[in-house]
Every structure is written in C-alpha cells, then in structure tokens.
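Each chain carries a letter (A, B, C and D) given by its place in the written order, and its residues are counted from 1.
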Amino acid sequence: MKRLLLAALLAGTVFSGATVTRAADVSQYIPLPTYRVGAYASSGELWWAGERDYFRYINEVEGGVEGVKLNYEEFETEWSPDRTVEVYERVKAGKDGSPLAFFFTHGTPATYALLEKAAADKIPLIDPAGGKTETVDGTVFPYAFPLLFSYYSQASTGINYIASKVGGFDKLKGLKIATVYHDSAYGRASQPAIDVLAKKYGFENIQIPVADPGNEQSPQWRQIRETKPDWVFLRTWGVSTVVAIKTAQRFGFPADHIIGDVWAGSESDVIPAGKAAIGYSALAPYPGGTDFDIHKRLKAEILDKGKSDLRDQKLFGAVNYNVGLVNAALAVEALRTGYKHFGARPLNGEEGRWAFEHLTIDDARLKQIGFEGLLQPIKITPTDHEGGGAARIQSWDGEKWVLQTDWIKADHDLLNPLIKEGAAAYAKEHGITPRTPDTETN
Amino acid sequence: MSMFLETLIGGLLAGTMYSLVAIGFVLIYKASGVFNYAQGSILLFGALTFVSLTGQGVPAPVAIAITIALLVLMAIAIEKLLLRPLTNRSPMTLFMATLGLSYLIEAVAQGIMGSQVRALDLGIDDLPIFVGDIMISQFDLIAAGVALALGIGLSLLFNRTRIGIQLRGVADDTRAALSLGIDINRIWQIVWAVAGVVGLVAGLLWGARQGVQFSLSLVVLKALPVLIIGGFTSIAGAIVGGLVVGAGESLAETYLGPFLGGGITPWFAYALALVFLFIRPAGLFGERQIERV
Amino acid sequence: MTTPARPALQVKNVSLSFKGVKAISDLSFQVEAREICALIGPNGAGKSSLLNILNGVYVPDAGDIIFEGEHFRRMEPLEAARRGIGRGFQNNALFSGMSVIDNVITGLSRHSRLTLVEEMFRLPRARNEERRFRERAHEVLRLFGLDRHAATIVGTLPYGVQKKVELARAVVAEPRLVLLDEPLAGMNAAEKQEIATVIGRLNRDLGLTIVLIEHDIGIVLELAHHVVVLDYGRKLADGPPETIRDNPDVIAAYLGSERTEIAA
Amino acid sequence: MSEIDLRIAAPVNGSAALRAAGLAAGTILILAAPLLASEYWINAIIVPFLILSLAGLGLNLLTGYAGQLSLGAGAFMMVGAYATFSLQLRVPDLPLPLALIVSGLIAASVGLAFGIPSTRIKGFYLIVSTLAAQFFFEWLFLKFPWFYDGNSSATISLPRGLTVFGLNAETPHGRYYLTLGAVALLTLLSFNLVRSQTGRNWMAIRDMDTAAAVIGVPVTRAKLQAFAISSFILGVSGALWAFAYLGSASVQSFGLSRSYQILFIIIIGGLGTIRGAYLGAAFVSLLPLALDWLFQHLFSGHVDAGLLQNIQKGIFGLLIMWFLVKEPEGLARLLGIRLAARRRLFPSSQN
C-alpha cells in the first residue's frame, strides 16, 4: 500500500503544468471549481448539471460558439475558498493552447479571496447573483462581474414587491419589515441598502441575527412574535432557512408574508419544511420549473439521449439546475460577443473582460436562445457590471415553485451612489485609480 | 413575566434535543475513553438510511429495523478494524482516528444515498400548544419525552443488567476488567451499537426539524458544551447539561443578545461551560481523578 | 559532631483525612539536620500521605510544619522545591516521554535563571547554563551508574533502573532535605545494596538530611539514625533504630497480634 | 495523557561531514526553489504547505510538548491576521515584518488569557477554553465593523498589498521568501526552545504535571508561556495565511475546521516533534491533490463525478485510520524508524 501511495505522491509532482498544444482546432478552456462533497453538495450537484448540460448542448447541437467548441473541466473544492484558490492557480495559465477568458468562482468567499489575484492576472471573475457588491462599479473593479443581481438589488426588489402587495410605495410608511439574517458576511451584505430604503420610505427596519448553523431559532421568532412585523425577509441559507420557515409556523407568523433571498429559494430550502413552507415566496433571478423553451430543447437533445449530468431526472428544472443553465448561457453569450469582435478563436482574460463588458441580451435574443422568462434582459457596460438588477417572485405551493410576477427591477438611482461610494473607499484604500472607460480604445 | 417563562421553558425543551446528541458521546467515552468525533456522521448515516428506505416505499418499522441492523454491523466493524488495533493508545490518537472514520462514513452515506435534502415527517406537526399564554412547542415536548425515556432506559441498562455492570467495569478500568475475563471487545461492540441507535433517534428528531441533509452532522457542535458542563462520563450529566445549555442560550439570546448585537449563542454556551468548569473542573457529574502520586 | 544545629524539619500535630477517612491523626516528630530518618509502618499507615503534605501535594486538615525555622500552615509544591526539598515517588513519577538525562536535568529547573529570549536565541548565558546543568546531571548519573543510559527514553528501562533515575533526579539539585518513598522497591539484592551505600554516602559526604520510607528492616537498621513508626496514621514509636527493633508495639503492629496500649 | 508512550530515540549518529553536506544542499535547494518550481507550485502548494507547517509547529509546542489540548488554533490565527490588518491600515509606516511581530504579540497575549483556565482544568475538559476563544473571535470579528474597516464583505486584505520594506512581495517569489523567512526563523527559535529548560519543563508537565510541580518545575508559568508562544506562532501563521497565501480572508478562513486541520496535522505528523508539523502539513496538502490527480486520470469521464469525489474522501478517511493504526506516534516516528532501519541495513554507509 505504501508503494502505491508514494507513487501517487511522485505522480502528483509531475503533472504540474506541461501543456501540450494539439494542432487540432483549439477549444475555449472553461475550468469549473465545483463541490460535490460536504454540506453544500445538495445545491452544488444540480448547479454543475445545469452548466455541463448546456455546454454539452452548445458543443453537440450548435457545434460550439461561433464554431469554437467549449473544453470544460471540473475540479473539486468542497466550497472552501483556499481549495478554489489552489484550483485557480492551477488553471490560470490555460490548457491545451487555450488561455482563460474568465473564471467561474461558484461561491462568494472564493470571489473575495481571488479579487486581487485575478485583477493582477487580468482574468475576469464571474459570480452571478453573488460577489462583492462594490464590484458592480467596473471602473474600480474591471475584472469582477457580479452579474444579474447584487445583494443591494435584492433588498430593493424585495421592497418594490412589498410595495406592490400593499398598494403603493406610500403605503410602506409606518410598516415594520424584519430581516432574519444568517450572522455572516453573506447575511449582512444587503444591510446598507435596506437602511437607505427604510429612510426613503419610512418603514421600520428590524435586523435579527441568527448564529451559524442556525438550527435553533425560537428566541429570534419569539422576538418577531413580540414586535409583530408586517413582512419578514429571510437572508439565510442552508439549514437556517428550513428551521426559520418551520419556527415561523410554530410562532404563528404567516408563510405568505415571508420573502426569502436568492439563496434561500430552492427546492432543498422548502421540501424539508413540509407544509410550513406553503405560501413562502422567494426572490428569483433564477426562476424554477421547466416551461421554458430551452428546457424543451435540452430535454430532446440531452436528457432523452441520456447525456445529462443529472443523477435524478426528476430534478430537471429545479431552481439550482436553472442557476447552472443561466450562468452557462451568460458565459456562452459573452464568448459569442467576444468571438464576433476578436475572431472565432479562444479569448484571453482581457478579451474576456471586453466581451463581458459589451454583453447585451435583449428580448429578441432571449427568444432565439430559448431563455425568455428564465433570464432577464441584461446589458453589461464598463461602469455597470451587474447589468440586470431584476428578479421575479415565485411562491412554493407545496409541490413546485409558482411564478407570481414578471421581472421587478431594483431602484438603481437609489443604489448606485451607495455602490460608487463603497467602490471609491476601496479604491482609495488600495491605491487604485478608477479607469475612464469611454477613453479606452478596443 | 410569561415571556421569561416561555423563553426558559422553550430553552429547556430545546436543550433536551442537545442532550440526545450528547448521550451518544457519553456512552462511547464512558466505555472506551474515546471522544467519538464520528458520532455526528453516524447520526447522519442513520437518518439518511431511514429516509432513503422509506423514500423507496419501505414501511417505517421495517426501515427502522434495517437501519438498526446496519448500525449494529457498523459498530462491530468499527470495533474490529479500528478500536482493537488502537487499544490503549492516547485519547488524541483515538480522537483523530474517529475523524478519519467520520470522513469514511460521510463519504459512504453521500456516495450511496446521494446528497439531496430530504424531508422527514415523523407525524408530529410542529404546532404550538398554549399553557396560559405560555407557548410550548409540541415537537420539543415530545423530543424531551424521548430524551428522558432514553436517559432512564440507559441508566437502567447500566445499573440493573449484567451487561450494564460489566460496562461500568470496563469504563472504570479497562485492564482490570480484562483481567477479570470480561470480553472487552463484545462490550465495546454493544456500546457502539447502542450509541448508534441513540444517534439514529437523535438523527430522526433533528432531521424532522431541519431536514435530513449533510449539515445534520454539524449538530455535534451543540453537544460539546453540554458534555463539558455535564461531564463526559455520565448520562444524567448529559441531560442536565443539555437543559442548562438550552435554557442558557435561549435566555442569553433574548435578554443579553440585544446589548451585544445578537447571535451570541455559540460562544455563550462555551462561556457558560467555562464558568461551570471553574466550579467543578470535571463537569457537574464527571468524576475528578484524585491525584495519586 | 558540633552541637546539633536546630532541627531540619519539625512536624507538629499534623492531621489529614480523605472524605472522613483519617489518613494521619495528630502526628508530631522532628528530623535533626544531617540525619537519615526512616518512616516505617504497614501499608496505609499514612507514610506517603505525609510526604505529600511536606511537598504541598496534599493540604493537612490541621497542624504545623516548620522547615529551617519557618512555619508553614500549608506548603505549595513549587515553594517546597524552591526551598530545597527534593522528592522521590513511590510508583516512580518519571517523565516517560523524555530521556534519562533530560529527566535528571529537569530536576535542576529551580536553579535555572534563563529568560525565554535567551533560550530561543541560545545566547551565551543560555549555552553555559545548559552546559553546567548537563555536567551536573552526568556527574549524578555516574554516581548512580546510569551514564550509559543517558540518552535512552525512560519508559523503556527496567523498573529497578527507573528507580535509580528517580533517585538521581531527587538529589541532582543539591536539596537541603530529601524525601524518598521506598527508593529500593523493585530492585534485586545487589542493586539494593549498591543504592543503599550511595544513599549512605550522600548523607555522610554531603551532609544531606534524608527522610526515607522503607519496608526492608535490614536496610532501615543499617542506614537510619532515627526511626519513626506509624500505624493507621498515628505515631507508634520514635527513636534510634535499636530501641525501635525490640519495641513490643512495633512488633505487634508488624506481626498483627493484639496491640498493647499505644504509648502517649 | 500521561500513559507511557514507548519512544525509541532513533540514534542519529552518522558522520558530521555527511550531515553538514546534506544540510547545505538542502538549504540551497530551498532557497533556489522559486526558480525551479512553477508559479502554480509556489503559490498553490508550497506557500500554503509552509504556513500550515508553521501553524502546526505553533500548536505542537502547546499540545505536543506541553500536553495542553487546544481546539483554538483557528482563533489565534484569526487574531494574528486581523491584528496585522489593523496595524497595516492604521499604522501605515510600520513595515510588514514589524507588524507581524506586533500581531504575534497581540495573539500571544490573547492566548495567555485563554490559557488561564489550564491552570485549574486538566485533560479533555480543557478544550472548552480554546473552543470558547474559537467561537468568541468568530463572533467578535464579524459583529464589529471596526475590525474589517466596515467594507460590506467583512473581509480583510492588506491596503497596500504585500510590501516588505517597500519592495513589492505580491509576486510568487516575494510570497515565498516572506513565508520561508518567517517559517525558518520561528522553527529555529522553537527548536532551540524545546531543547532548553523550558522545553523540558513542558514535557515534564505533559507527562506528569504533579511530579513536575514537586521537583520544582514552575508549572503555572510554563503552561502560560506555552499558550503565549504557541499563540504567537499561530498569530503570525494566521497573518501569512490571510495575506501571503489567500490575499484576502474572513472569519470563515479561520473557522473550527481550521482548528481541526491544524490539530490533525500535528497528530498525523507526530506529537512532540519539530519535524512532525512539516510531515503532517505535507500529508494534508499533498495527499488530496495527489488523490485528485490520480482519480482525474484513472476514472474521469467513466464514473459519475459526485461518486468519484465521495470515493476520494472515503479513501482519505481510510488512509488516516490506516496511518494511525500503523504508527500511532505519527509520520515523524514512522520516518524515524525507516531511517534507523536503513542505517542498520547499511552500517557501512555511515563513515
């Protein structure tokens, strides 16, 4: 046994970086740092299935992006930032002749860890509906792309939805809105936004922390029963979401007045809560379900031909599966924009940045690629790396997520100054001179 | 005043859920001096096996029987392959061996039964019942009953039955017990099996509360302060420790929390344990070895 | 000898009990400077407990200890060591993870005047203190014939040799009083004789005051200048070896026949 | 933990010349490493390996030598990292090495404070004070924005990047030499310390603390020193982990799983040995990658990726148990026996 182990260790030292360039048509290398083991495997597993199925569909049905095939490869990280950093270092030089056009971080802690490294290596970090909120300002963070929906937009869209339910923004005055948040950086990320919104609309903003892992929340929900808020935001994830929903039922708080955030709105957050979750709604930049055109195409071309990465076909169309689909589509459309500009050959980091900063998907394009209703219209610019900032609302009826609204846009004029201010502080502290995009040439 | 009472009672009942987990640790530490880090993974394995079986239509009682059988087999395997070669090694080495064991059990559980989250309905709907205007969770009440029943059952096993007396002999001094011809290996197998079943009970109750998923094994963190307050070697200590930690956390989060910004439960439980240890350095019920030099 | 200096150690009306069980009751005796005083008595007579009181491991319920003129209601272990009270243990409390030489050098730790920084950077003061300690330790190891075991891990040595190491560790720091708990137990006859002569020489050449617990009456009579007999925590007899040998109570206590009234 | 562990000290004799040559060759190799190894190997494997070894070294002084059990390594690393961040942010003209030393001292004083219960509590129960530290600092550094200068991600990263006396150390070489310098210095200091009176006092306390007190070992002072020095080294390694390896860190980078990892490193590596920390850190950093690479090449594509990862985790667990059964004293002893065995087989090779 010892010889096998020593051989493994020796072998480990050899593989370091010998990239062999094959003469055949070079494909765009896309590394995927994934987690299929540990506490987050339940949501991760479906995410990677969504990504791999779509990439496979692009390669085998559409013959690649503008003819360039996608060479995607998986690396296990167990959702730990230092393993993701190790994977990033291993792949940043590219593979088989193709440089990295972008790097999916698949987790906000990893995005924080890689922020400066990727900026120095000029490789865009893609972390849709996550990332560091200040990085929406592309002038200070050229290589960070929190696409679709920032943590500030979550707060704003949530408030806009409540306003629509209570009959207008003026009705918000005097309301009590409590936020039960997981006591971590993730849980606190949208607090600055909701403070500003509270000042503007005059509702009372109550913040209630839940210590990790959050499997016992009676004190928190007893406080809610005492203060009697009108609405409750859940900024939780994993176990703390399930326990929050169940404890809410026990303390008699109606589920249909609880709104969960992006990462508290998947099937695995509600199924364990059983009947207590009926009526619970969540912000959905990634709507659940399969009645979208792309799902029909995937069913025919991938699922029914047994080519899907899904272990359990019943989970086709689950929220986390659609997360993978949408993220993959964003990457493909960005690459397409890049290939049209720089030519159909693998892009490097800088070209990738240009591609993402000129990514526009309007309604017409959404219909063509079959993502209408699943992905919001998006327009990324050098100064706005979010590009969308809208989400739909879906509620759990005990069996599946039911879409309640179309895309509700966040209040960007209110949020942008907040983001600019944060980005400027970071720039000053780290001695970065914000770029002036309109003067740039390419 | 009713707010205080409700917080106190709610905390006490929640504490019994911690005791359930702590009892599993006490059993194994008492008999084999091993602080079993893998207890969380065994708890997860039990709950996951049960839910997977019932998921495939196996009736609950049969599923329970199969799961217990698997846990007993696992206990025998652990004793044979891991404990026997490591007898009278330092507690640190044994602690680390159980870390390796937890990786293996989690890998087997997730590998075979998948990592998807599953609901577990024990038929106890978590609706509150009111005593005056004090709200008590039906679920926690039943969990407290189960914990109490388990505690009494196990102390009966320990004190009344023949195996129980042998168990306590082994716990007191393994070498002495060996010299009296007590079959240590069989005893350890029994202890690990019983701990596995206790883990299953805890796993089902916690699973019904938060869904059967990988982070079920994190519930071990809640048991640590309970063990430290109650002492590693006594089941009564595990129950009392659970009540103290449950009530302490609940009261602290409600009354102390607002001044400190909330979310203080994790470190508060250990601060509480530290205070208790200063009074009794081996926990409330743990025996403190007399320094014989 | 010149007029005897004040007694090295005085034990006055000391009592000790464990949860009600009387281990020592109202014991008084004194040890003259530069003498070997032997404590004898059946097992459980409170001999080891008395040593533990003198070393501060146990706290007596009552009584007074006077060591070199100073009164102590209770002794702290560190305080006892600093004042030069050496100790050998019954079931040898050696540091099993360390080598023989390291065990013995640890006995010198109360003489060490080094600071952490000097040790970390091995400054000259540290290097020569280390050298002095090592030389002193080797000297004592040679005295006990243990030099060839210097680098061996203590746990691997036979019981008899371990007892010698413990003795070496007890005397290495030139204590003013040494308390030895059955130093010769577990040794064969030759070793017993060899170590008994070493103890005798330590007392004669270095004037070391020794309190000795020993069951072998032959050794006691050969070595001790003064014998105290304990039984069930009470003093049965106290005097030179010859008078003790034919004291009826002592014989009764040892042989277990019915005891006459205990001398006041 | 005072049962007798049989340690056969592998007699390391062999001629001095042979060893001196080996040492020289080793140092040259270590110093020239950045030129030989690829950037990936430096940034992703060697630098984290060195920092984990340093953390293991720190914890080994406390747990391996002084016998005081601790599950708070993560907390003391965290204190070091956050202290360095505050110093670099609020005392800009203090050069990084000095900031590391001051942060180490801060971590040492925190370690001292959480070491006080050790004077009264013994054995397994002592983990309570270090666990209290672990959860307290995880809460403290998240709850009060002052510690991370209020940025929304609650993460810390050096304001002006890694600059040592003005020269930019952001490059792989810079990170490597900064880490190597700290690790080499602290290893030398620890090596001297464990060979000195303090080291012996620690081992005496570990093996039988009552006897140690009676023969004059200042038990309380030595225990608190062990906590302080161990926390100093852990604090420095925490700062290096946050800024020389990760670049930016948060409370999660130093959670309870980090404490388990460091404890695991010194047990697998070898308690109460200096080289144990290095062997343990190698086991922890290299083995998962080797397994990953091996499986990637043997099975990828044929076996479902999820199953593959779980099998890998299971094998890692099996290896841990197998190693502990084979050599409960850890890799250091396993290596020690191998060296001694080879010397017996080739006695001629000695002179």
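One rule holds in what follows: contacts are C-beta pairs under 8 Å (C-beta built on N, C-alpha and C of every residue); 3 or more make two chains touch, one makes a residue touch a chain.
Bear in mind that the values here come from a model prediction, so they are computed numbers and not experimental data.
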Next item on the list: With chain centres defined as mean CA positions, report which chain is farthest from chain C.
Entry: A
Note to self: Closest chain to the protein's overall Cα mean, using per-chain Cα means, please.
What the structure shows: D
Next item on the list: Determine the centre-to-centre distance between chain A and chain B, using the mean Cα coordinates as centres, and give it in whole Å.
Entry: 37
Check: Using the average of all C-alpha atoms in each chain as its centre, how far is it in Å between chain B and chain C?
Finding: 48
Next item on the list: Please report how many Å separate the Cα centroid of chain A from that of chain C, as a whole number.
Entry: 73
Next item on the list: Give, as an integer number of Å, the spacing between the C-alpha centres of chain D and chain B.
Entry: 31
Next item on the list: Send over the residues of chain D in touch with two or more other chains.
Entry: 3, 5, 139, 143, 208, 210-211, 214, 306, 310, 312-313, 319
Item checked: Contacts with two or more other chains, residues of chain C listed in rising order -> 57, 89, 93
Check: Where does chain B touch two or more other chains at once, residue-wise?
Finding: 107, 110, 114-115, 221, 261, 263-264, 266, 291, 293
Next item on the list: Please name which positions on chain B make contact with chain A in the complex.
Entry: 3, 6-7, 10-11, 14, 17, 107, 110, 114-121, 125-128, 135, 137, 139, 206, 209-215, 218-219, 221-222, 249-250, 253-254, 257, 261-266
Next item on the list: Could you please specify the touching residues of chain B with respect to chain D in the complex?
Entry: 35, 81-82, 85-86, 88-93, 95-97, 99-108, 110-111, 114-115, 221, 224-225, 228, 232, 260-261, 263-264, 266-267, 270-271, 273-274, 277-278, 281-283, 286, 291, 293
Next item on the list: Provide the residue numbers of chain D that touch chain A in the complex, in ascending order.
Entry: 37-41, 43-45, 48, 89, 139, 142-143, 149, 151-155, 157, 159-161, 170, 245-253, 286-287, 289-294, 304-306, 309-310, 312-313, 319, 322
Checklist line | chain A - residues contacting chain D, complex | finding: 1, 5, 8-9, 11-12, 15-17, 34, 36-37, 41, 45, 48, 74-76, 81-82, 85-86, 89-90, 92-93, 108-109, 112-117, 120, 132-134, 151, 183-185, 188-189, 192, 211, 309, 311, 422, 425-426, 429-431
Note to self: Show me the residue ranges of chain D that touch chain C in the complex, using the header's touch definition.
What the structure shows: 2-9, 11, 189, 192-193, 196-198, 200-201, 203-204, 206-208, 210-219, 225, 229, 272
